[in-house]
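Each of the next two complexes has chain A plus one other chain: chain B in the first, chain C in the second.
Up next is the complex of A and B:
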């Protein structure tokens, strides 16, 4: 007992004395682990040598010109954008409708819905990927754009619902009653009151869904058939042959496009203003 | 054209599963009246309000607003507006946009809307607050915005679901005056739900007292305070001390009660308070009755009263100084009695044996309530 007590006492003194230092070091280590690989990729995209060795001897834009002349690479960027920009609104709409239904109506098994919707996140991706490919084969839908979009919707709905559903569940319903009391019907109330107030969650869910879709590899790999080459798929096929700095250029382009699209979404929806108010 | 009642509630019953929230409610509210529905929590008062607003549908019965049956009519087609308990101000809109909301839904043109909004801001004394967000305002200011939003469309009735409950005492009193002022200015009928008898007594013209889903009594505040028809109403509208007793003799002029401290004669034609005794009509000898006394009507004295004046005995248990008056808790053989005396009187120390006397006019007789539910008598 006293040994335990003194151990706690020691721990407490230790935390008291070194707590701020430990906290700061943890932040540095975590941020390095997150950002160092990205910084390396960006730096290496300017490497003059044909091989990946750090630090590069000379810097060059050569590989960016190589990329710009690579039609397959550029078309893969556009394919990815097309898939994600189509899949994300579908996902957001479905997740919003589902959340509205769950928060509004009573039905059997309602409490299980939240778990059932988000649980697929932990199912091994390859298992679902194979299942999707088999399913599309079974219903005689081959690979192609819409198969990939459907797979992306399946992949991203749990993420969008994870954010949108709780917001609906905690939404103050008396705001809707006030709206109806003041003369707005159900549809006007949803449009004027419900939607603006849950918009931050819808945008956040949409951005998360978009980034997951943009990076999606495994489902796409299984259901794409031939010809559909999203950027992650293209990258994968490239590094199987040889690793040149062009792969890094592709990664940088990938990163820039993703960040730009998210920024556009943020600006368009004025999310910072909305989150501030709610 | 005959003037309709603003609200008519007829034989309204509301059941939630096996729970009867409101039982056979009947009342009318006249145009321009300020009426409170008063009852303890769970008495069904909010349910009545929500049925008038259209958020709940009566199981049976009918509700009319300005003579039009509204059961089955959705809230957005009813000529009533509500001030919600949590106010429910739209957080994504400014103060002016909140007030404007109802006008927009009614397709009022923009110029008129702006004019009406600034008039409303003036009425609730929030000039210059139009561009603020609701969460930047204090609790009292938010109340005013909610009120302005509810009256801007000039509905037949504004419904209040205890919106003042969250305010501190001083602000609440201030808002009560404001409500009365605004109601007088606008002439709109107000129906106010509360569990706080002080609010109900001070702001309303008439009160509807509710208990366990059943209306106990309806009347002006004076009627309900001075001539309560049941011990529940009397007790709810001010403290009451009850002496259980049995009727031993009953004549045209006197009723003789047997308490465990001897017999007490009550004169039946003693003036104004006779009303109360008449309400205990139908009582026979041998039946139990409560002799009830308001704290202000009792006086304390250390010597036994002379010439047959009725009294009971007790002991001072504690004493609270309240500025111009002193509240005593007196231990009696039945219960602890609350007695309020002027601060100028001689102060009694704890443990002093006292005699409690009362003026003849200060007594109420009630049939003892079974549990908390008294027997309501039809008006």
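Up next is the complex of A and C:
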């Protein structure tokens, strides 16, 4: 046997003997690498000496109180809530209408429409962000609340549709037919039969859309003009100019909200829905 | 109104309104961007191709080259680590759902927060410096913020969960009997991997690569926060043209150029078999 062959044989035996161990170590190392930075932010939010002292000597809740008294930070929280609470119902309504239409009617161009709905996920965010800002500038609308809401709707529609559409597709149509046989019209059928059955998917889609909107940065950054300061925008300008300990607190707020929302969405739908369409 | 008319009216309302919203606030802005990119200044300025020619100046060519290099490096790194991770979760562990959740959750954490978390680690005197001093490798403050490596690690950090999902999907659909059969027939783990596992998970592999490569090419936040002025990528040039130089037509031209590259990459990937449309993820 050649030297190369025996080296290969040795490698095969090595993988056979140690493969599972290497695999399990990879899982542990990667999960540590993913979570360590996040855990550090949480720890630093309790650090008595502020942002630039690692590791913290003393722990305190002081920065949480400072955060609560920081008007700019609190107002950014409210701005974000306002935008997301307005954008999410619009997105869910549009995604539900689209899903109902695509799954119940036969027409040409269906796959083109599905492509169009997925496209905002694929085109680089900075390109669409700039294009939206150009658009609102050209039609003399400029930045402001409704421009940001429109941008958030475009941004979140794919996520809601990706969850709601498959549920419509797999929904048992015979239930709807039974309802119509019993004399209900299409609207009554939708309201009393279809909607209750697809409600979990609509809620999950809504939560996901809300989470994306809540975290949205790039579209908002370009579209907002001046004045509209959402939490991610506030965080961005703090990091760029002057990091104060409240930044850690704001990060923790983000973390808690996002993790809770995603966990609820996962409980309502199944995990594979959240990650891929199948 | 006839039944047939009502059918079409309903369809028009149901599908027409959402599609209309996307056409108005997504397609039209991109069309306006394309139109503006051919102007020498804000319209009614004359038409020109100058904005596209300017892209190939030495300065911007440098940034394009850096962006391309970064995209390749991030994609290779994420593919190797993410595929190994997905493979290990499928083959060597039982608590799949929990592990998958632990991989996904950081991804749903705010992008800026994750960048800030990395700044805490990379900055001079930060967590990494402390750790290196604690184990005795170094005896001075160390920082790697505003380097090529910081941006590379930052981008890999944010895209790893996203790429792991399609890798996981294709690997978990793989029929394990085929792997057992290959081993029964005398192939070792490596031979089995490249002659059975890899070809059968090819589509997921391509999908994951695309999901990393496209947003990395258009990255803007990570190079701005972790790379600073020395490590700017093409996304930062768009931002500069738009928010500092106020040369909107040139910024638009770069945006169109980036979109074209994305379309070409997508087209190539569907040609060689990846299916990205089925995979929902997020980019920033």
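Structural remarks
Quick note on the criterion: the second predicted complex is superposed on the first by the 216 of 278 C-alpha atoms of A that agree within 3 Å, B and C clash if a C-alpha of one lies under 4 Å from a C-alpha of the other, contacts with A are read in each partner's own complex, and residues count from 1 in each chain.
The definition used in the following text is that a residue touches a chain if its C-beta (ideal position, glycine included) is under 8 Å from a C-beta of that chain, and two chains touch if they have at least 3 such contacts.
Being a predicted model, the structure only gives us computed values, none of them experimental.
In the superposition on chain A, A:197 makes contact with chain B only, while chain C stays out of contact range. When the two complexes are overlaid on their common chain A, residue A:157 makes contact with chain C while staying clear of chain B. Looking at the shared chain after the overlay, A:232 reaches chain C, while chain B stays out of its contact range.
Put chain B and chain C next to each other and count what each touches on chain A; the higher total goes to C.
Looking at the shared chain after the overlay, A:126 reaches chain C, while chain B stays out of its contact range.
Contacts of A:181 after superposition: chain B is touched, whereas chain C is not reached. Chain A residues in contact with chain B (one complex) as well as with chain C (other complex) are 274, 277-278. On the side of chain B, the complex with chain A involves touching residues 53-55, 74-76, 80-82, 84-86, 88-92, 101-102, 105-106, 133, 135, 149, 153. The touching residues of chain A, when paired with chain B in their complex, are 172, 174-175, 177-185, 188, 192-193, 196-197, 274, 277-278. Chain A makes touch with chain C in their complex at residues 8-9, 11-13, 15-16, 19-20, 22-24, 26-27, 30-31, 33-38, 40-41, 44, 51-52, 54-55, 94-95, 97-98, 100-102, 105, 107, 113-128, 130-135, 138, 150-151, 153-154, 157-159, 162, 186, 211-212, 215, 217-218, 222, 231-232, 235-236, 239-240, 247, 251, 254-255, 258-259, 261-262, 266, 271-272, 274-278. By the touch criterion stated above, chain C contacts chain A in their complex at residues 7, 10-11, 13-15, 17-19, 21-22, 25-30, 32-33, 36, 81, 84-85, 87-89, 91-93, 97, 99-106, 108-121, 125-127, 129-130, 157, 160-161, 165-166, 169, 188-191, 214-215, 217-218, 220-221, 225, 235, 238-239, 242, 248, 251-252, 255-256, 258-259, 262, 266, 276-284.
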